[in-house]
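Several structures are given next for inspection.
Next, two complexes with subunit A in common: one pairs it with subunit B, the other with subunit C.
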Partner chain A sequence: MISVKKVNNKPLNLLERIYLREIARGIAVTTRHFFTNLLNPKGMPTIRYPEQTRPLPGNANLRTRHRLKMRSDGSPKCVACFMCQTACPAYCIHIEAAEYTENTVEKYPAVFDIDLSRCVMCGMCVEACPEDAIAMDTREIPGGALTREEMIMTKESLLRNLPDGSAHAQSGNARSGYDLTTPSEEEPSRKGAANRLANEYLKSRGEE
Partner chain B sequence: MEFFEANKDILLFTGIAGAKILAFLGAVMGFTALMTLAERKVSSLMQDRIGPNRASVFGFSFNGLFHPIADAIKMIMKEDFVPGRAQKLLFTLAPFFALVPVLALFAVIPFGDYVMIYGYQVELQIADLPLGLFFILALSGLAIYGVFLGGWASKSNFALLGAMRGAAQMVSYEVVLGLTLVGLMMIYGTASLQDMVRAQGSLLLGFIPAWGIIYQPFAFILFMTAAIAENKRTPFDLVEGESEIIGYFMEYSSMRFAAFMFAEFIEIVLISMLAATLFFGGWQVPYLYDTGFLFPGGPALPMNHYLVAALQAGAFTAKTVFFCWFLLIVRWTLPRFRFDQLMGLCWKALLPLALLNILITGAVLTILAR
Partner chain C sequence: MPKLTIDGKSIEVEKGTTLLAAAQQLGVYIPRYCYHPKLSISGNCRMCMVEVEKAPKLLTACSTEAAEGMIVSTTSDKVKAARRDVLEFLLINHPLDCPICDQAGECGLQDYYMDYSLAPSRFRMADKVRREKRRPVGPHLVLDKERCILCTRCVRFCSEVTKTSELEVMERADHSYIGLKEGKALDNGYSLNIADICPVGAFTSRDFRFKSRVWFLKKVPTVCLGCATGCLIEAHHNENIIYRLVPRPNPDTNTWLCDHGRLTYKSVQAGDRLSKGVIKNGLIDLEPALREVASRIDEARTSVAILGSPWLSIEDNAALARLAKDGVKTGSYCFDFNSEQGIKDGILINKDSAPNTSGVKAVGAAHGGIKLAELSRRITAGEIKLVLTEARAAGLIKQALKSAGTRLIVFAANRGEIPPDTYATLPYASYFETPGTFINYQGLRRRTEPPVKAPEGVKPLWAVVNKLAAYSGDSLRLESAEDALEGIELK
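Moving on, here comes the complex of A and B:
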C-alpha cells in the first residue's frame, strides 16, 4: 500500500502571479538581514572558526580530539599493542613500540602519531584499546592547519590527563588547554586489566 | 613647437579624451574588482554569514579586502587550457567579444556635467554620441557573440547547449530592453544620454525632479527585469547556472574564464549606471544648478563651480553604488526561473507590456501636445 499525501497548493491569485509584490517582500526580508548584520556583526551566529571557538553543547557524548591517558607516574597507559592501529579504518595511527629497560613485561610506544588530516573521528581506536589508554574526550575540535606536518599529533601532544575525571563536562572553551606538566591522579580505568596484572606481576617479583 | 601650435586642438582633444578614458575606466575596473568581493560579502551578510576574510597581507586582512587581488593572482596562475578539438581562434576571441562591447559602452555614460579647467570646458563624458542609446543597444547586442562563440568554439555539447540557451535568452530580452527605452526617447526627444540627463534636471510642478522614474515608472521595472536577464544573473541565470546547469564557459579556465566572469560584473556596474542615468537623473542632484542649490520657494545656497561638479559626480557614484547593491540583493534573493517561464515572461508578458507602455506614452504625449 503506497501512502499518498495530498498536497493542497492554493492556486496563485493575480497579485501573486504578477510576482512583483512577492519580490518586494523577499527583498525586504533579505535587506533586513543585510542591514541588521551590517550594523551589528557581533549578533551573527557565525563565528571565525579556527580563531574563535564556542562551548560544545552540554554533556553531549562527542568524539573530539584524541588523547593518550597517563599513569600517575606520567608514563603512558598505552602498551603499544597496535590494536588501535589495526582497527583504524583511515590508517592514521602510526606506532613504534619500544621496551622498558627496567620492565620486561610490557612495551610502550616510542612513537605514537595520529594524522588528523586522515582521521575520520570514528572512535574505532577507542573501542579497540584493551587498556583504555586512548580516549576522545578532550572536547577540543581539531582545527585546520596550513601544512600537513601541523596536522600530525605526536605522542607528546597526545599524552595528557584531564584536570580531573569530571572536569571536561564543564570545560567550556575548547582551547582552554590542560595542564600537561603535572599529571594528576591516575584516572580510574574501566578496563586496564593488563596494566593491573603488570603491576601485580612486578610487585610479586619484587617481593621474591 | 610649431607642430604643437598647429595641432593644438587635436592634441588637446586627444589628451583630454585619453585622460577621461583612463580615469573613468580605471574607476570602473577598480569598482568592478570590489564588486566581486561585494557580491560575496553582501550575500554572506544576507545569510547571516561572515564571508571571505582570510586573504591577508602581512597578517592584515581588512575583513577580506584583499580577496579580489588573491582571486586575480589565482586566476593568472591557473593553467590556460584549450580543449584539443576546440577551434583555437574563436576560442581565444570569445572572451574578448564578451569583454570589449561591455567596456566600450562606458564611453557614452555621462558621469558629470562639465568642469572648467584653465578656461577649457571639459565634458564629463567620454563621447557624447547623438545616438548614444542606440549605441548601447547595438553593442550590448554584440555581447551575445561572446556567449555563443564561447560555447561553439569549445566543441563541447554541454557548452553548446549553454550557449544556445544564452543566445535565445539574450536575443529575446534585447528586444524588451530596446522597447522599454523608446518611451524615454519619446519624452525627452533625444537619444543622447547627456541631453537626457540635462533634461532630467528640470522640475515638474515646481518641486518634483523630472527624473525618468516619474515619467516612466513602469518602464523602469521592465528595464530592470530585461537588464538582469541580459546580464545573465539569477533569477535569469540559465545561461550558466553556476550551481547546477553547465554553462557556455564550461571549457574555459584561467584568465579566459575570468574575462567572462569579469564581463558579467562590469555589466552589473553598467546596468546600474544606465538605470541611474536613464531613470534617476544621472548626475543630477535635485535643486542643484550650475551656481548652487536653488530650492523651490526661494532659499538658495550659492556654490563654487568645482564643488558643484564634485557633488554631481558624487551623486552619480552614489546612485551607481546603490543600484549595484540592489542588483546584488536581487540576485541573492530570488530563485531561478525555469526556461519556459523565462521565455514566456519575455514574449508573453514583458514584450506586450513594453509595447503598451510605448502606446500609452505616445497617446499621452499627443494629447498633451494639443
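Moving on, here comes the complex of A and C:
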C-alpha cells in the first residue's frame, strides 16, 4: 500500500514575498545558535568526527569496518577464492593470490585491499565468503581521510586485532550472533575443504 | 543407415554412430566426463547413461552404437536417478576445495552437480579418502589426486595423441589413482592440453595457477602465431592482461594447441616489452627515434634496403613494400621467403617457425622485389648502406650484415629480439594488440583479434611506417591497415 500525504502548499502572503522579514528571522535563529554554542560548547549536538566518535548501542547488529580473521598461527583464514571480489557490487576489493610452499592450505592472499572510499558497507563479501574469513564486526565506523590512499585498507590493516585483543575467530563470532567454534567429530565442518585442511594443519601442530 | 528415436525425435544416422553422437546431432545434450570427441571411447565415468527400450539396464551413450528402431530416453526418471547416483559416487571422495581450485567456474563436477544432482552429501568429511595434493608433474602441470575422478582422458591423450604414454592408472579399484610412469616427466610439448581436457581440477596449469578466477576472463577468438600452422585460439584476458591461450577446436587445423603456442602471449607482458625507441643501447622517446631513423633513411635513400618479414602480418609487410616503392624509392627491397612448410611432429608443430611465409609471398607478388639471395649479395658487396627490417627477419641476413658492417634499423616488440649491432629500433604493436592478417601453411587466411591494448604511444607497424615516410617528406596515405592491402590479392 502506498500511503498518500496531502501537502498544503499555501501561497506566500505579501510580507513573506518581500522576504526581508524572513531573512531577518533566519539570521536571528542562526545567531541564537551561534551564541548558545559559544557560551555553552558542551551542549553542542555535533561531534568532531572522525576524531571523536559516539559509542555504538551495545546490542546493535551493525556492519562496521571489515576485518580478516586469522588462524591461530596468525596466517589469514582467507584462501583468496575471490568470492568476495565477485560478489562486491562496488568493485572495492582487490585480491592477488599466492601459493604457500609448505602449508597444507595452498592458496593465500598476497594482497587484499578494500577501498573504503568505494565500499558501500553492504556486507555481500561476508555473505559470500566460503571460509568465514571476512567479517564486519569490528564496531569501528570507517572515518574520513585526507587522501584516497588513506581510505584503502591493506591486508595488514585488515588483519589487525579487535580492540579488546580477541583476534581469533572464536571470540569474534560470539559477537556477531552465531557460533562457529570448532566442529565436533559428529558434526563435520561444512565450510569447505580449505577449512578442513586448516583444522588438520592446526591439529598436526597440536594446537586444537 | 539405422533410424532411431531419441526423446521422441527420430533421426537417421550413419552406421557406427554412437548414441551420444546421434543425440548431439539432434541437439540433445548428454552429460559426459570420460568421452572426448578426439579420444578413444572409454565408457568408465557412467555419466552418459541413457535408457533404451527393451534393454534390461541403462546403457552408456558414448559406447553404444545406434541400431535400427532404438527408442532412447535421456530424460526418464531412471536416467535422472542414475546421473544423480553417479555424481554422488564421484563426489564421495571429492575434497570440495573449490575455493582454492583453479578449475572452479569451468568444472564438470560443479556444472553437472547444479544441473543433475543438487543432492546433499550423505558422507562425512572426515571419512574421505585422502591422496597426494599439488604434485608438480612436468614443467607445465600440477596434479591433485584427490580431485581426480579417474575418467582417464589424460591417460588416453598421452597414449593416443602424443604417443608418449607418461600417465597410467595405478593400482586397482578404490585405490586407483593417476600416476606418472616411473622415470618419466610430463613434458611432451602438448602437456597443457591435459589441463584443458581434464573435466575436474585434477590437472591444472602451473602457468595459470592462481592468476585469475575463470569467471573474470573475457574471451577473444584469435590466431596462434607460434609457427606456420596458424592454430585457431582463444585469448582469455581481463583488464588488459592476457591470462592464457586455449585452442578453438576446428576441423581444418587444430583440436589441440602446443605448449609453445600457449605461452606465446608472455612476450606481450614481458618486462622487455618496448614502448620507446632504442638508439644503439639507449632508450629514447618515440618521436626523436622516428626522426633519427627518418634522417638516416634520407641520408642513404637509394642505397636503403627494405626486407619484409614472415613474422609480420600482410598489412605490415605491404606497408613496408609501399615505403620501399613510393617513399624511399629504392630498388633493393625483398619480400621473398622460402621455408619448408609442413607438420613436423605429426600433431601440430610446423617446420616453418614463422607464421606468415605464405602471406609475404602474396605481398611480393603484388609489389615485386628482389630475391633474398640477391639482397644478401648486394649487402655483402657494399651497395647497401642501411637495412630496414623486422628484428627476427634480420637474423636471415645475419652473415651478410656482419661481413659488410651495414647499418641496421629494425622494428621490434621486445628488447630481447633486437639483434646485436643494431643501430636503431622502433617499437610496434604486436598482434595481441593490433589486428593482422596471416596466411597459414594450408593457405587459409587467419586474422588476429587484439585482446589487449598496446603500451601508450606504440602504434601498429603500418602506422609507424606511414609516419616514417611523412618525416622524410613522402606521403603513403595509409589511414588504416586496409589501405596498405591495396593491390594485394588474397585468396
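Methods note: the second predicted complex is superposed on the first by the 123 of 208 C-alpha atoms of A that agree within 3 Å, B and C clash if a C-alpha of one lies under 4 Å from a C-alpha of the other, contacts with A are read in each partner's own complex, and residues count from 1 in each chain.
Convention: contacts are C-beta pairs under 8 Å (C-beta built on N, C-alpha and C of every residue); 3 or more make two chains touch, one makes a residue touch a chain.
From a predicted model like this one, the values you see are computed outputs, not experimental measurements.
Enquirer: Who does A:Ala87 touch here: subunit B (first), subunit C (second), both, or neither?
Expert: neither
Enquirer: Using the touch definition from the top, say if A:Asn37 reaches subunit B (first), subunit C (second), both or neither.
Expert: first
Enquirer: Check whether subunit B or subunit C contacts more residues of subunit A in the superposed model.
Expert: C
Enquirer: Where on subunit A do the contacts with subunit B and the contacts with subunit C coincide?
Expert: On subunit A, the subunit B and subunit C contacts do not overlap at all.
Enquirer: In their shared complex, at which residues does subunit A touch subunit C?
Expert: 79-83, 86, 97-99, 105-107, 130-131, 185, 188-190, 192-194, 196-197
Enquirer: Can you check the complex and tell me which residues of subunit B touch subunit A?
Expert: Against subunit A, subunit B makes touches at 42, 45-50, 53, 221, 329-330, 332-334.
Enquirer: Note which residues of subunit C are touching subunit A in the complex, please.
Expert: 95-100, 104, 124-126, 133-134, 209-211, 213, 215-216
Enquirer: Taking the touch rule as given, give the residues of subunit A at its contact with subunit B in the complex, in rising order.
Expert: Listed in rising order, the residues are 20, 23, 26-27, 29-31, 33-34, 37-38, 41, 44-46, 48.
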